[in-house]
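What follows is a pair of complexes built around subunit A, which joins subunit B in one and subunit C in the other.
Here is the complex of A and B:
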């Protein structure tokens, strides 16, 4: 619809009313000042009414001169002002919380942004909690989040690009990176993928992430979602690219490799030896979580030879009462743990704790006493469930829990051959994955010894002077190695 | 999609091809004993675990007769509701009568059977293995098989018997100029004990070296890291170093010394061209734990004299032990193999070495060093 200003006050008001589907909250008011018709229109709940009345209406009504658009922009003490002549833009701005003022006879409409947004303030992180380190988490408001990011990355190097995604319901998306560090190709890939999206709407960052990731058939996440500003900003300062979506408290970072899903910023805050220990603990936990239950099933179904002779008696005795084959037994218990986890996640926190006790202790104990499962399997299942929760990325933890089920089935069908088959498949699958076009299994393949400093180990800072090679940062050195180890103590001896 | 369908079909159908052996349906054999019956058949005694929810004990011993060692499993199969499997066999005992006829035919099947561990222990028994394995003793938990296995394992670790795993036996058997040994078991008050080392000519048991000589065979065969032993020295060897204060009668009674933390270094040097002439140099170190005569240990000369006496006694005992080995025409030390390692001419083979063993001349050079003897004041 092409509308041409100037138009009469009545005509303009009718068009706006029609465009907004006769919204009951549309306020339209015509002021007659010095024979001039000044039309003020806004949506009631979208704007700050006190500021409208104090800063805008009072100035307009108390003036003795005739108003022009120039005067509106220059004399009214509100900074975000736009002149607009296209009707669809005007409507959009009003929906976002602008007050439109039209002086009859003028060629443009002046819009004053007086958004009234209700959102929670910065809070403690819930899903990714740190014991040691910053506790704050992102909120749903993009403005607040940008504010936090700017505050943490206090440099003119930080680039924030704005994109709009969604054809029916639009969402504002920001791409954040460091200009002098982030690889151009990575930025270009990220920007291109978001720009090329032809979707009706994007509900959340995690939805955007799934839309732009390299492979949607795998269980492994290829981009990291985080609610922690410190993790987001640390990643960006290392040359990764961040994406923020309005209305979502999770941020997206890429490119990632498999091992970065087991890194936590806590590793950096702790001393390097502790950090390395905890990081390797997570890798061991992942391996245990994947291998332990299938191994039990394989050993008890096919390979009684590999059971240590000291364990043989207790294992055999506890198995003797169980009426199911080991595969079924393991699958049942794994299902039980998954049920407990899911029920605990859905229930309110207070009830959730009770459920954990009922499920974990009562059910587990009773199951063994009733001869439903062997107690050694209970230990194994609990251990592997516990291990899967150590992954700092919740999505990675879920992926690990999921790949256990096919592995148990294969172990039940083919024994250790099945496990080896599944593991080989897993490795091949991981080798094929990419994150923003970068190899997912780096630094193992392609092999980069220097990148081990940042993925498997947490090397002391004076020693860790290089940057991860697979990120292809413009600047390959963090700082000079010689200067980092130089001591500057003011000490006479 | 097609790929996945094929994969799932393969997994489903192929999994039926693998025999499943659920642990609770198995009778897991942990130890086997072989005896010779009067009719020259083999009587096998199997010690096994079988798991029943109702039964209090998990251990069972069954006996069966057959013509082959593997046949025993079939003949005993009718005695138990569980399927007998040999994947956990950690111990195989052979009655002396059977071992005297040659062990290799049994070793061969053990070695070729992939289910049987090459690291399982072997032993010979003076009494029928059936009695040995059916003996009931408090220490035999969870069963006699694992008790004997632990006994042998501990003795090997303690360096009181040579290694007795299947792979060592087979290695020694095939090695030119070396004979295998095994621990020998017997019953003592209804309890299985080690009573010596069995000597083999190739794979035939010929004799058993007694417990007292075991240490000296070990001295020749093995380098000690933390062994222990005791010696009887001549009664008057240290008379002049007796403590003056305790005039009571310090020199009365026999002189015994107990030594531990023994470390040895052994060097066998064969003479070029003549395999029967060899030198064995033995560097020994040890701690004096106990001495039965009241001796003045602060005196360096006393220590030197003690060391000299020990050296003399050890050399003496080694000579005697070697004589026993020569009498039996066995070479568990591997003097012949040692000669082969250094010489290309006049090589020793399994056939000609047997004839040469009685002519073996070994010069023993023992050097003993007493490291510590405790606090003397």
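Here is the complex of A and C:
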């Protein structure tokens, strides 16, 4: 629509009303001051009303002079002011929470930003809880989140780029990285992928993540989603690139390799030996979670020989009453565990706990007594379910639980050959994955011995002077090794 | 066809990957049965045969590197065309392709046979072939970097199997080695020739060389790879001779795998099941590297595009591996592959090298 200012008060008000689809919440008020018509328009619930009245209306009505746009900008104590002459921009600003003021006869409309957003305050992290270390988690408000990130990464080096995504419903997206560290190519890849998106809307960071991922056919997540500011900021300070989306409490970090999905910032807060121990525990847990149940199925279906004779006796006893083949038995129990997990996630916390007890203990006990499953399988399934929950990334844990099902089926059909085939397939599949164009299985392939520091082990900080090579940071050193080990102790021994 | 290959740097890999490439393409089906084949020829002096073969391997690796160094960035296909002209060169290239196809088939069939003997007598051949070929195709489709990655990762996933040999070592009887040098030198040499089948795969150096970034450092990883191969063959041969009695060894077809039979853990009674299944991970780099060589050579020689030729290769491999059924046929095939491989891999490079030297001398003669 081509509209030209100046126009009359009624004309302007009618156009705005029409543009906002006769919204019942549109407030339009004309002040007659010194023979001037001043039109104030806003959407009722989008602005802070007390500030409007105190800072704006009071100043306008109490003045003795005629108002001009210049006066509005200079004399009103509100800092975010814009002059607009295009109708669609005016409407857009009003929707976002601006008050528009038009003095009849002027060529522009002045807009004051007085957004009123309701959001929860900073809370403890729920999905990725830490035992110790910072407990705060991100919220849905981009402003709050940016505030937290700025507070943690207190440096002028931090770059926050703004992009708009979505053709029908627009979302604000921020790309966050350290200018002197992050690899230009990585930043360029991330920026380009977000810019090239042609979608109607982006609901959440996790949706954006799936849209910009390297491969959407794999079960493995290629970018990390986190709700922890400390994880987000630690990743950025190592040279990774973060993405924040308005209205979403999860943040996105890339590029990642497979092993960084098993890292937790807690490993850094703990002493290095404990950190290494817990990290390796997670890797072992992952391996167990994938292998254990299929091995049981393979051994009991085809290869009785590999079970030690002492164990075989008790296994045989507990399986004697089970009428199903091991595959069916295992699938049944795996399904049970998955159901328990899903039901627990959907139910309110208090009921969820009861569910866990009823489902886990009562159902498990009854299943064994009824001759549905063997005791040993219950142990194995519980162990592998427990293991899959140790992954610090929820999505990775889910991926691991998912790949167990085809493996159980293969083990049931072709025993250990089926398992090795599935594992080989998995390894080749992982080899082919990339995260922001960087190899997913680094540091194993491409082989980087130095990067084992940050992926498999957590070496003591004075020893860990280099940065991860696969991130290709501009600065390859954290600090000098000589200075880190230098001591200025009081005791000169 | 151009003699030298031009690549963009994304496709090439570091020189130290040559260690993995060479080692994993050499170790494969051959290692499973090499002690018996050696024992049949050289008796208890089989280890001397391995030693001779190892030294000769290093020599051939040196010759191959020298051939490649006399060009900028060429592989054997380009060099053949440069030396013998377009038509002879392409024909020789085709011979290479056919030979690698046969090698691929032999490896595949041997492993399927092992699975049938050790784990699943009723496992249909076509199913095993389908498993292995599908993995091969899946990896090769990813391109050269994934092919090399496969060889690296599967090396790490299986190399620990070598440590389990400590158990048979404790049961070794050193008297089995006595008397030393009892076999005639001719038999020992024949034994050395029998090692051939187990170390075929060295020729991959002649194909991957253009893909190496820092070519000056290529010699060390190549020789290390060859050394490690020789070391493993030596290890299983020595342990087999010490562990089995001479007559027993001559009847144990897959002696290396039989060594695993004695290993047991408190949670795992029969380790050989696991070992034989895991051997699939030893075989996969073989298949992938050889398959890549074929596809890559066809592209170089006749400009066939890679994916169709890969799928054709997979289908052909599948059909032929299902057709050859009996153990006799497989023995025959393995013998033939060994013999042909001996000439192509261990004698032919010498010939090429001589031609190159002659050509250089001729050029010098002309210019001066």
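Operating definition for what follows: the second predicted complex is superposed on the first by the 489 of 493 C-alpha atoms of A that agree within 3 Å, B and C clash if a C-alpha of one lies under 4 Å from a C-alpha of the other, contacts with A are read in each partner's own complex, and residues count from 1 in each chain.
Convention: a residue touches a chain if its C-beta (ideal position, glycine included) is under 8 Å from a C-beta of that chain, and two chains touch if they have at least 3 such contacts.
Owing to the predicted nature of the structure, the values given are computational and were not obtained by experimental measurement.
Shared-chain residue A:447: touches subunit C; no touch with subunit B. Residue contacts after overlaying the shared chain place A:325 against subunit B, while subunit C stays out of touching range. Contact with both subunit B and subunit C is seen for A:415 once the two complexes are overlaid on the shared chain. With both structures placed on the common chain, the touch criterion links A:305 to subunit B and to subunit C. Contacts of A:371 after superposition: subunit B is touched, whereas subunit C is not reached. Touch criterion met: A:428 reaches subunit C, while subunit B stays clear of it. In the overlay built on the shared chain, the residue A:315 is in contact with subunit B alone; subunit C does not reach it.
When both complexes are aligned on chain A by C-alpha atoms, subunit A residues 302, 305, 307, 309, 414-415 touch subunit B in the first and subunit C in the second. In the complex of the two chains, the subunit A residues touching subunit C come out as 302-303, 305-309, 311, 414-417, 419-421, 423-425, 427-429, 431-432, 439, 441, 444-447. Put simply, subunit B touches subunit A in their complex at residues 11-12, 14-15, 18, 20-24, 26, 28, 30, 49, 51-53, 58, 85, 87-88, 90, 115, 117, 142, 146. Residue ranges on subunit A touching subunit B, taken from their complex, read 299-302, 304-305, 307, 309, 312-313, 315-317, 319-322, 325-326, 371, 409-410, 412-415. Against subunit A, in their complex, subunit C makes its touches with residues 13-14, 16-17, 115, 119-120, 123, 127-128, 131, 135, 138-139, 142, 146, 148-150, 152-154, 156-157, 264, 266-271, 273-274, 277-278, 280-281, 284.
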